[in-house]
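Here is the structure we will look at, set down as structure tokens.
We call the chains A, B, C and D, going by the order they appear; numbering starts again at 1 in every chain.
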């Protein structure tokens, strides 16, 4: 039984609380938030949980095994550091930290202390992404050639981070989870329509050593809501349309084959457009699996899907994209 | 009555022939193509037209007023130059030429000779784009803030040009037609999955002096066909979905207003999500209007919508995008 | 302040409880259900409410002003009768009763006692139906000529009622609410694929005195979920597609005009296909308005939208449809 | 080589002409139409064909082997009779005749003369219906339990026939082709909004001996165009959506299983909602296969898919539906 305390009961905290409360291997010992009205709300649902306005009460209780941090990203590093130093396992909301340096420091500290440090990239646990991962791993898709993501909406402008920090972690985590090879560089372009200079529209491209490109289209200012990822392999192509009620993943037996030939002047591309297959997806709440994975990483010592290396890489990519945005969209090298 | 000769009777030539044949102010005097079987096909439809395998016969006939060039892009410059030098008005298929230098040279020559030189960017004449142009011009949309285009498909790989040269002219011509301000720089990233190094997926971003961004997503290797343009103004946002059978243009009374305030730390964005309006569109074939516009530019001396300045700018933008692609996606300045 | 007791805490009861709990003019005094585990569930949410396994405790408490009955339909009559006899206002879940005779008896009793008796046809209160009602009332739609409803799904087979009793009340209530004129006859055809003979697919047609037809397609055995109503007027046509996330109601400036003419042999129909308008809808939970309407019917003496006459007519129509089903689809006359 | 003459060059005639012209086993000898302007149009496309205003010239030419009748339905019987009597094979446009009596008389005459008599139900030859037929024949779908068709549009009002005669032949022919068992009765309800009393909206139900129901929703007065057929089997369910550009047929591994049990009070239905499969369809023009089938019925003596028994049954069903419409929607027995 893992005794957990949740710090931050804002937008995502209630979902975390509900799932850890429902997990038979966890006990929801604390919920901390500096807003009394949030604690009052939680109090109606979890009569046995302790509520506090100060996270340190959670950190200082020796009975607490794990701390779940669901606060704004700027506070992640300090809170996670304190928790690790006090011997607690840590689950961090995405994005892991506000800088890659902080992420690496936390990873080192967790390793030194022998503690679990995990990031909640919930999308990795939903039925659609699990199915996509399977289709890539069992070589149904073949060698991946591109990854094209669009996540646009009339969204809430965040006051302290741009649209990439807000929306891209979802898609980057899926990319890193599904494609084993890592990107070698990042470029980004975008625009801010507010005085604070934070981009509300941004495009990001990732290059790979060979044969793969990944592109991300993120916007808070689209009149239509699109959440779509195309993944092209040399055997099959996938479309993951998260706005579809029931046909979220489609597998296209569609492709082209490039023939090697002495005579380069001729087009040597063979087309194929075949059946489409729409697999039934597991509709279990993704957060249920995520919370189980965190508990298992503590009790069973397994490596979680949404591990801290992936969490760090997500941060590093967005950080590099921001560097690109501030420097005339220049290409920023990664070093994974 | 304008006597016209069409050079090139491949994919697009038959549509041009049909429309100029049907135009009461034009006479379809010649069709030239170096493939006998193409001429035979045309012969069944236009019994009074002269068919020839050599374009020079068309150029050398003093009765011919105008030459319509629908051959592969690499041959545009030489054919158009010859026609202009022989005193013919010229209509060029898009893209206008293979280089911006050639485009400028043709424009100079046409001006010197006092001849019409027009480029067939057919999209400018369809009901959807005409409606969009109206909505922008009458200030329904307000100040434009972004233009986001996706044109992807499982398309035919072209043997001599990359996907931008093939697909982007449509969207760039719409952009230049709809937004008066001109872009100041181009950046592009992409990937080639063929030995010839020609990109089959490419992304292109255009920057403007202030407040506008334009982005283009072009691919020959998508399992789904998407042809969608989002145009965001500060009063309304438009979606032009060319794959919709009957609701191609939607006008969203959707937006956000950024308030100026002393305290920059607060978010000062006001949202609005209102009614949607789906205007009925003129479904007349776009090519009919285009052919009328060309004839009017000759007989009535009017400036056509799809004029040669716009044609040149389209070429220059793609040329700069290609330069960006060959140079690590660096930003290439335009000088319009 | 109206003190209410809810009888039945199954599928719909929790939604009723939440809305009456949140209503500032109501007090949720009782929840009754004969299943302890349901009461336990409710107990976590409403600490001040009294829970009981017997509805009679609710009925017998002189402090209770109103009883809300959310039990299976076969028990509606007896429970509502007892409540009315004991001087309580009554809100019944749809369908009102298992027979029209029972519905009329309850209406008489309520009138005699001077008590409110209302039926919860929730659909009448949602933003889409309210908008449709407005568009019909302000004569935007013109004279209504047809009403065509499809409500099909892979649905739960009910053990004691056929698919019409389960699904059609929604659509019939919308019909009766939107069109003032009442139908004069019912016909129905259907099929049962189970041993109990209860139809899992059924079609129902309603005839009117002149110029209107209404048709309903109901199924528990469709692989796709469709919830669509077409309403045709002589000025505009409406489509209400409840499966659309955000564009549920579309108003088509589409129609045909029939011209009277001496010569009947010619077709005298003029077509029109114009703009489409997608109004923004009020997204407030329908049940909130319904609960307010019930409270207002008690405290303010107003006639609720979802009144008992409409509730009775819904029951009578389905009852007649069932009679038609049992008699070779013969036409059954109504007498509204 | 079959020498054919086409009688009627209106809406469908040009498509027939093009396909028989392109058929290597046919020669398009005649096109007859009483409108000179129609013949002129045809003359541009088929320089070797003989054009005439009188069908009798076609009938009387001993060189003509087969006559294709694409005139309004009221003239089908007389023209076909004359052709058969003069020893010509006959292909009739759908619907075969204006009455079932006429259809039977023609079938008898053709048999007596040993001539081919076929009806052009083109839909039977398109890729979607061919695939559906395969999926039913190879028992993928299992025992069929229902057939539900919707064919609605803002359509042209026909001056002499109601909406069933205009639209339902497509769907009835598919039904009869796909399901071997024949219906035993017909019922129909509808409404006319024109003075001529011809229904512009009509619903039709077909009953079977056991376990199957078929229903048709036909309208010329819908603001949206829907062409959808649901076919439910006990193993799979099919959706044929003809408005989809590329995913016209979807195969749902969705169903329910009814268990026989002593205790009839319990629900004994097991649900299943599995993968969806979207087969690639043959996109060859259906009319090409249809014309080949007619020629093969003459030269090779094979029974065509769209044979005259099916053609007769389609007519008989609509005739019975009209009888039902004229008699208060009463059930009309069929006798196939």
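FYI, a residue touches a chain if its C-beta (ideal position, glycine included) is under 8 Å from a C-beta of that chain, and two chains touch if they have at least 3 such contacts.
Predicted model, so just to flag it, every value in this text is computed and none were measured.
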### Query
Across the interfaces A-D and B-D, which one involves more C-beta pairs in contact?
A-D
### Task
Report same or different for the chain B and chain C interface, where same means the shared residue numbers exceed half of all residue numbers found there.
same
### Message
Between chain A and chain B, what distance separates the C-alpha centroids? Give it in angstrom.
### Response
39
### Centre-of-Cα separation between chain D and chain A, whole angstrom
53
### Centre distance in Å when chain B and chain D are each reduced to the mean of their C-alpha atoms
43
### Task
Can you tell me which residues of chain C touch two or more of the remaining chains?
250, 273
### Query
Hey, which residues of chain A end up touching chain B in the complex?
145-146, 148, 150, 152, 154, 157-159, 187, 189-191, 193-196, 201, 203, 205, 207, 211-213, 215, 217, 219, 221-224, 230, 232, 237-239, 250, 252, 254, 256, 258, 260, 264-269, 271, 273, 328-331
### Message
Using the touch definition from the top, list the residues of chain A that touch chain C in their complex.
### Response
44-45, 47, 225, 243, 245-246
### Query
Which residues, counting only chain B, touch chain C once they are in their complex?
247, 250, 253, 273-280
